[in-house]
């Protein structure tokens, strides 16, 4: 942890309170939700046109082809499957409870009679009420916009109805089958979990990759371990508001230099929070989703991969196709591959 | 379609009305929900002990091992992925609307301001309310019981709380990675879709397999095509109450003779409805879930596999781990394998 | 029923189908949702300024004062209370199921243990999911707008957030205590219920009032009986789409000539549907809510009042204060008063 | 506040934590949820038979007749109406969030188009998800039971289905029109609000009544002011877990000596919490609901009545008839009466 980062801590604490107070349930300006001045303004804060054309709604997921999928499938080295998701249960931490979003609820709609002598067949059924960003989940590109426009310069007037966007919803997402890489920053830095609000640097990523002996490849699904899942599911400790995560520079390095296709982490927001950009309270989200067309996966369970030191794997995730949805809970899988 | 089956049709129609009227929201006796007399009483109508021991909650999914998974992964013949699921959207057909279960709902919880000039960053979020058996989904073993007991003789007193079962919930299910087989009965019989309430026979399955040149193997995920998805999503036509599907004998042949691990279909209930067993309105469900520990997948999208005549494949499904849940929506995937 | 009205029937039937098909979940143009040509264009189809000033959010409910309330309270003639509401239950008819709104759902969140020997105290609790326009309810002035503006010329840009309006929500509504009058049109015309889509005329209202010996007074809550509650709760018969109700002229006479403060009826939409105005599918709603600031109460239980021929009464209703809500279920009460 | 009460404070604090931890979502024994020893065991902890006969489901609300209602209606002294309820909004305090119950949610299901140039008529609609015990509400007699039986010795086997009880649900409740009395204990004791967990004694009630010059009458609706609404809606301060409220003795005096029909308060649970009875974590609830058939109203807004010193009034409340429901939000009204 750098000196600068440490120095920012108290300012960030205050910012957390501001964030919750100011955010409320409505739109929020960047001003109230950040602390300090941005050191490097590497993001442009405007929605980008997609290099995959005006009809594109999925961004970098276009990097997947039959060829890339077959290539990684052929490398599978065994049949052990890693489950990268958490359970969904009443009382679980949710990312946005502070913003008024609903908690996870499951209710029975049918159950066996109390007096079971009266029925041969007993029927149990249940329903869920949940924020789409609950548990391990993937954010769709319509989750954030800049100046009213989402990825590929789609405006609210064009594509936002009451029940959701008609563009870049999770229903448009293909199944994800690609090479996955774990970068265990928590282990590499010897801090499990990383300190509150710690912002992972490019050097941190390089150090961890070197220590692991892993090389990134274009099109990779890159999963970053902060170690925060060791605090799960304690709602008071596993919290969005002061979590460690990627710095904007680290996200930029992964996407622009290393050509990562998809990013994920074991914290609730992937990025270090609160933000240090006074104009944007989630600069990594907006950079990735709105400027680069890169989706994010959050609240991932990376503990088993880390324990077994499985750093390269076949990654599989199948988001539910909620029409227009800004996210879907997922249960991603990993299977170790031969290291090339 | 046999003469007997045709003869049963009018009786079945009446039974459908009875079913909806009688079921209501409460427990339902088998009597009111079926028509005719059972021709063969091949099911015992009592919950079975698991051969995998007293702690077992997942039944035949125990057949999967690192070995079986690796075996099928190694056979993958390309990178084309088939998506076996439908979209989730407002107004979609649901299996149990007639029984009072909630329809699928998605709502926005955050959206960009109407006056977009005021905000740099715009946040879109949404929540869903849904029956767990919505869209393409997998039923957990606790979905049905017989005489108050579910799979492995677990009683309501032991394991049923208000929010759900503590045993055999979908949260206990492993990811499913196995060899999958499509049996295209609709194509083989030249009726797409099969007639209303048509009960697929053992001979139908054998004929289709022969025509396809497919051989079943122990541990297979067997997907049966009735062609009903050609009527999707017309709520008036794609309906649980008079759907074609497996006869009890056909289910028994798949599970007991062919050692299938998991069954699925493109209709809402896998089995032919309404039931002809006067004591049980879903005899195939109770046979599979409660007596044999075999789970079911419903409302599967099999049209693309059928069109491409892909009959053998790597099958992957990852149910969400709703704690205690009787089902989960899934988005299963298929990738063609080399035929052995 | 006039000849013209009868003649319109077949056209209206077709319009019903159009209405459901076209409405969908999104905005709907008036064009697709109506039939025939408007005979009299008495409504202006623009949002009006309130005569009670720029801050007004409740329209004609401003007519209530301590004086008007005390006046009617003093006239109470006994202690018999009439309950003007229906039960809320799973499977009940809802006004807008055809438009994709959620059905009424109640779920238990706590219940006594199955094995009751283990607990002294047993706790039962439940939660509801419901459209705010469920059962007997009152519409707030923000329920409809014209050209993007609601009552008092409030625009979406000014006052519409994601979770609702900040203006004219049901949370702003005062309790309603006023003189109420029942106009039993169904009885007066000798048709219980009135024919499908029948549009009540001014003459119908005058005839019924004369037959009852009732005189309207400024500030009255006027409840119109179509007799449709005799079909409740049959979802196939008690339906919004072809219901009898007020014609626009009749609504205009009640509000402009008779100075009614609040209107209600025993059907789902108060007005005759489908609309005959090709530009507006609910012209009585928009006339009342957006042009005149008059709220509406729907699905009222008027059978007991009608049976006892109680035509003048103390009317009491207490909407729940859902912040921003476009409606609230209510349980209005009536107590007979001395006829002045 | 007595010495004993003060002495119990630290013990109670610990108990609060235990309560939340132990309660979870399942059944809870009284043991874990209380602190200290019961000083007086005035409750029997068994469900009582109703003096109104075996079919009774509403308990003391049977005390209302046309005569009692007319009697109080005739005493009305003016037209000023007091609203005794709070708003329902996202982020509001709820009684049972600690036990996993859902928070209040409202969502739009229809809204005007973003581009308002395209539509004449704009439609706004919304839906709510809420615990039935949200905001100002009334508990039905089926809310608690003792040894598996609710009021009138009704057992779970007889009357508890999945979606709720068929007995003593809020749908069975009549509208409530009766004489109401405010007892302003907070004012009388000069502590607004009363201290945390303060248990109001019989002497406190007598002192306040004397100071107000109020005499209770059989059949009264008795509302007790703790002053806790001065902390509303701060979720961290307005909390069920350590709230002041009635002692069991005070409740007993109101019901058995003074023949009160219905009790209410401005806190979330009416009674002082946590409980001092080691066998029962809400002894006043179970005494009132299960042993005496007396309903409770919670989270009432009594500040306006208190400010105007209106101690005797016409009380009106109209619970929504959720079939089987354990409670309903209400918006009760008060209108001052002449003091007899």
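Order of writing sets the labels: A, B, C and D. Residues in every chain begin at 1.
We take it that contacts are C-beta pairs under 8 Å (C-beta built on N, C-alpha and C of every residue); 3 or more make two chains touch, one makes a residue touch a chain.
The structure presented is a predicted model; accordingly, all values stated were derived computationally and were not measured.
Taking C-D and B-D together, the chain pair joined by more C-beta contacts is C-D. Bringing subunit A onto subunit D by least-squares fit of CA atoms involves turning it by 180°, to the nearest 5. Spacing of subunit B relative to subunit D, judged by their CA centroids, is 45 angstrom. Chain geometry summary: the mean Cα position of subunit C and that of subunit D are 31 Å apart.
Annotation for subunit B: residues 25-27, 90, 100, 102, 105, 107-111, 113-114, 127, 129, 156, 160-163 touch two or more other chains. Residues of subunit D that touch subunit C in their complex: 25-30, 45, 65-71, 73-74, 76, 78-81, 83, 85-90, 96, 99-102, 106-113, 116, 118-133, 135, 142-148, 150, 155-156, 160, 162-165, 171, 174-175, 177, 279-282, 286, 316-327, 329-333, 335.
Across the complex, subunit D meets subunit B through its residues 25-27, 105, 107-109, 114, 127, 129, 161-163.
Interface of subunit D with subunit A (complex): residues 24-25, 90-91, 100, 102-103, 105, 108-111, 113-115, 129, 156-157, 160-163.
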